[in-house]
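You will see two complexes here that share chain A, one where it goes with chain B and one where it goes with chain C.
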Partner chain A sequence: MDITEVPVSQDNKGKKKKNKKPKKKIVKEEGNGEGSGVEKKEVEKMEKSEAAAAFPPTFSVSEIKNKQRRHLMFMKLKQEKRMQKMQLKKKKKKEREALGDKAPPKEVPKTIENQRVYDETTVDPEDEEVTFDEGTDEFSAYFNGLTNPKVLITTSDRPRGRTVRFCEQLATVIPNAHVYYRRGLALKRVIPQCVSRNFTYLMVINEDRKVPNGMVLCHLPDGPTAHFKISSVRLRKEIKRRGKDPTEHCPEVILNNFTTRLGHSVGRLFAALFPQDPQFVGRQVATFHNQRDFIFFRFHRYIFKNEKKVGIQELGPRFTLKLRSLQKGTFDSKFGEYEWVLKRHEMDACRRKFHL
Partner chain B sequence: MGDRSRLCSVWLGSETGILKGVSVSRKQAFNFCNTSHLSRDQEVRALCWADPAESELLVGSVDGTVKTFSTEKGAFTETRRCGDPADGCFTGLATLNSSALLTCGECGTVRVWREDSSEPATELDAGKNVCRMRQSPVHQHKIATGGKENGLKIWDLEKPEKPVFTAKNLRDDWLDLRRPHWVRDMAFIPDSDKVVTCTGYHQVHVFDPSSPQRRPVLEAEYGEYPLTALSLLADGNTVVVGNTHGQIAMLDLRKGLVRGCLKGLAGGVRWLQCHPSQPVVASCGLDRFLRIHSLEDRKLLHKVYLKSRLNCLLLASRDLVDGGGATEGEGATQEVKEEEDEVWDAMEQVGEVGETPKRKTAQEEEEPQKSKKKRKKGRD
Partner chain C sequence: MQHDDVIWDIIGNKQFCSFKVKTKSQNFCRNEYNITGLCNRSSCPLANSQYATIREEKGQCFLYMKVIERAAFPAKMWEKVKLSKNYEKALEQIDENLIYWPRFIRHKCKQRFTKITQYLIRMRKLVLKRQRKLVPLSRKVEQREKRKEEKALIAAQLDNAIEKELLERLKQGTYGDIYNFPVHAFDKALEQQDEESESEEEEDEEEDDEDVGKREFVAEEEVEESDLSDFEDMNKLKTSSDEEEEEESSEEEEEEEEEVEMEVETKASRSKGKSPANGAAARKKRAYVEIEYEQETEPASKSRAT
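== the complex of A and B ==
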């Protein structure tokens, strides 16, 4: 028993502890009849002495082969670190209180949004050229008040229950939207028919394995086509603490955080889905919030309780979008010219670089 | 204005009608606009040098006007009306013997305009839906045109009735179906009669008018998307092509293999041009950036954000980076050199090993002198 224990413990804990080996052997052989208590103490002593001496840099907890011991050592390490951190915090807090008003300002923690690589295409609101470019692009008819949005919502062929319900709910959220069954028709043939019937948008929800996973949003007369990936769709009945169904009033639209030139184009694409005159009586608002290149869509009803407090109820579906490509012209994935394409290996390499 | 335009080594035309000049050495872009207020029908579709000395640029716009821009003065000097907007946008612009102007519209009419008259001197019909017209750099009167379902045709302007060479479509495929063809861009290969074209069906073809074969001599494919721009390297063996997805590749014309891809573009490529002497290629496209890649190691050298979608670009023949700093830099370095020469003459000469400074650029000339100084200071 003794003889077998000694080499195991020493191999585990120290490749450098060879000098201790002979001593331990002698001790163990002497303490033959004293039972396991002594062994345990020795083991503990060894652990402590080795723990004290084990922090020389080349030793790491992962080298211990025994899972239980490794776990114990790791927990100890973590506790040590946590204790040090708490002590540091207490010290800093004391210093801060001691200094009172003269204390340096609190450090802002680094987040990925803070560390975002500055995008040179960020739009400067006073830039004439960009304002002209935006003022005369494909959405100018809508933004100058000449056309009213009319949206056609359809899906990929033979949609399943979830997608169908999603489309119906989308149609209640977007005013003047019509849902049509796809019937296996080719989009390139659908588009001229939509144009002749004065539709301004074609929205195709793609389905995969009974769940919506993609959206093609095509602005109609000759406008850009955006292809998004949809994730995390929550239908109305899956939303907790939701309000009653949305009414027919036109909602207000909030577009958050679309700063770059590409972001502006996408933001305008969303804005042109809704009519330009929101009915504040309805107190409904649709939000497209862009964060880290993901666009979160939420639909709420708000009520002002007093001047400072607002209560909101979430209605309507919620989903997340990620832009995959923006194509100039109506839907033509083979021969169309792309204004922006997501190339994962090139663009997603840096965690702090975003494009919208 | 004039000094700004003299600095620019790259000229670009945008969809908003602004002519942009970029000075790569100073990393600055300048906008030159004809009218005080912008409009979309001034969209620049074609750019070319008006003379071999590259002091004037010809800018072709969507509304059918060709404007002359002087790089010395930094302003548009004249405007000519060369066609209707109904004819379609310019697909090619070139000069003949520095006095006549060659224009080609999408409808297919190629016209030669003399300086004085407002009527074309010669007219040529190249079919419908012409996508590009290019002039041979060697024989000024030879031009090539091609378009959608309109094969490559090489014309001699002195005999405008019939093309000198008409390309035949590829053989029918294995199902005996007619192959569609759509020529997007072409280039004349130097030192020979051959013409290389890129198509909307992601093929690159080389045609040889001197051989009896009217079908392509070499066929190569790249990618899955239409190839929109093409540029030949100075040696004539490699071609750079770009497609609508922003992928740019270098293809070797001897065997038709892809030699490498240039990364970085996010949007469709509209125009590519290789520098005549340096191994760099400039690309511009729908993502509103001008990118300059080095052809040897395929790295991105410069990237400039220009706020509108870019349609065409033109490189000056002088060195890209030096171009701007040449005149000013030389003056400064000469003064510095004179001062330093006096310092060196005053000091005693010590033999140094391995001192062969390359005298290519002004900057490099300064560096070895600076390093010499540093070393000497250490010893003193």
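== the complex of A and C ==
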């Protein structure tokens, strides 16, 4: 009996590790020695595992109770999968080489940007409705050259050193910007005063735990109000390989990747911060780059080495913004009409859906 | 029976009082009916059978009084009197209710009442001012956002994007004439030069066969300074031309033939090396200068020239 059974079990053991074989064998033999009942069980087991060996394992690795063995089986499984993948790759590569020019073009790898869920509010460059809207919205005055931007930068109550320095640096980056200390004034009272003094923008940097973490950007003669979350602020001295301080020239503005309607309005919000005619002599550029709903702000000085190469050197502070809400009128948290609000549960559910 | 002294003797100093809070310098009393908040013989509500306090409930002030007659009825021990909202009237009410009471309690009641009204006023003022709203942050969400931001930063490739944008703007000409390398013009100029050089090389090769044996009477042309490396060459130029004028005609003829040959050879050799941007005009003038050089490089021609 033992002799007939052992070769069968050896086949099964091909599945498991070699060092298990002698153990199992011994166990089996002992089992066999015990009694017919045990033998029957073993026969059944053999049959099962025979079946298992014959077909790809219909049992999942998680059904094995023993942790070590389970781990080993899992590792084996992974290894097999990896080998298969490598073989497939090699085969494909060979085919490609064999075909040479006729080979099908390389597949483009999937990125989040490729897989982005199409947003129906994406702006078409020729869309008339959009151009009409933009011609008549709150920024039309600026874009038609009627108003010059004048920015008031302030903070929340009792700002700490970091926030204060951040505000100062922002004021150097944005031409015609003034920093004022907030003496506990309510924003609703500040706004009419600003309007009367011909400010076009109100920027409030909110502070939490000695670090700036929020920004309210309000376009003044009843323009839209945007509330952002600020993250990763780097002040000037923390930037490596930076250039000298920015000069008083008006910088150029680069707005990247603002595709949807919402993105467009936010983009215009940023564009209207800077004066319309940049001074190219200064060779400074402020960039607002939108990637996956994060807006990265950078301030550089550029120099053209030749017509194919440009060198850029970072000056100025850098920070990241994430839009939290966009409100129609000026700042009014209670009765304001919100155009867009970030709702975490709904909007964060899909990884490939973006709004800006 | 109410033995205040005995009570005070026990709870005041010797044994435990659950309302007492001890600090380094002072003892406080946490009893809600205590008028001053300190643990004293005169302010202890347990050790005084005749006692009064002011307490505030939802913005309303009440005067509480305790007398020894009701000491046996704990549920009815404290008499509650609602005080008027008007500060002066309330003070009068206190006086009226606590007439014939010990001076200490009267005084302390009024003090407490004043303090309470003051803080109520402050509360009302603060509500009108800006309220700070505390928003709870979920750590999981914040971490997730932070990670997403990092990935987005890597995907953005900011430097490349900015450089690309700037170069595009340069191409489109938004910078006008500030920069000296307007792209297309430069490239075109380069291309033109390349074409010229190629065409001239071809011409030279053809003329090699044609010009041999031809006689040309070459006139003096204006010296182009760009062709001459320095003014010494200019002198040489003149001297060589003088010398050649003095020579006999036969030699002139020979030389002219050779000139032509040299000319062609020099042209051929030079055109391959340098950019012949000067064209045909310089050729004839060069003949005078080049012959001398040619003598050095090609010994065969030397014999003929001399």
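One rule holds in what follows: the second predicted complex is superposed on the first by the 265 of 356 C-alpha atoms of A that agree within 3 Å, B and C clash if a C-alpha of one lies under 4 Å from a C-alpha of the other, contacts with A are read in each partner's own complex, and residues count from 1 in each chain.
Methods note: a residue touches a chain if its C-beta (ideal position, glycine included) is under 8 Å from a C-beta of that chain, and two chains touch if they have at least 3 such contacts.
Note that the structure is predicted; figures quoted are calculated from it, not measured.
Colleague: Please indicate which partner A:Y181 is in contact with in the superposed arrangement: first for chain B, second for chain C, both, or neither.
Modeller: After superposing on A, A:Y181 lies clear of both chain B and chain C.
Colleague: Based on the superposed arrangement, let me know which partner A:F74 touches: chain B (first), chain C (second), both, or neither?
Modeller: A:F74 contacts neither chain B nor chain C.
Colleague: Look at the residues of chain A and decide whether chain B or chain C touches more of them.
Modeller: C
Colleague: Figure out whether A:T121 sits in contact with chain B (first) or chain C (second), or with both, or with neither.
Modeller: first
Colleague: According to the stated criteria, A:F296 is in contact with first (chain B), second (chain C), both, or neither; which is it?
Modeller: second
Colleague: With the two structures laid over each other on chain A, which partner does A:E339 touch: chain B (first), chain C (second), both, or neither?
Modeller: In the superposed model, A:E339 contacts chain B only, not chain C.
Colleague: Output check: A:V285 vs chain B and chain C. Expected answer is one of first, second, both, neither. What do you get?
Modeller: second
Colleague: What part of chain A is shared between its chain B contacts and its chain C contacts?
Modeller: Dual-contact residues (chain A): none.
Colleague: Taking the complex as given, what residues does chain B use to touch chain A?
Modeller: Going through chain B, the ones touching chain A are 15-16, 18, 31, 38-40, 200, 224-226, 228, 244-246, 263-264, 266-268, 286-288, 305, 307-309.
Colleague: Quick one: in the complex, what on chain A touches chain C?
Modeller: These residues of chain A touch chain C: 111-113, 184, 186, 231-232, 252, 254, 256, 280-281, 285, 287, 289, 291-294, 296, 298, 300, 302, 304, 306-308, 310, 312, 320, 322, 344, 348.
Colleague: Along chain C, where are the residues that touch chain A in the complex?
Modeller: Of all residues in chain C, those touching chain A are 129-130, 141, 144-146, 148-149, 151-153, 155-156, 158-159, 161-163, 165-167, 169-171, 175-176, 178-179, 181-183, 186.
Colleague: Touching chain B in the complex: which residues of chain A?
Modeller: 120-121, 127, 129-130, 132-133, 136, 261, 328, 334-341, 343, 346-347, 355
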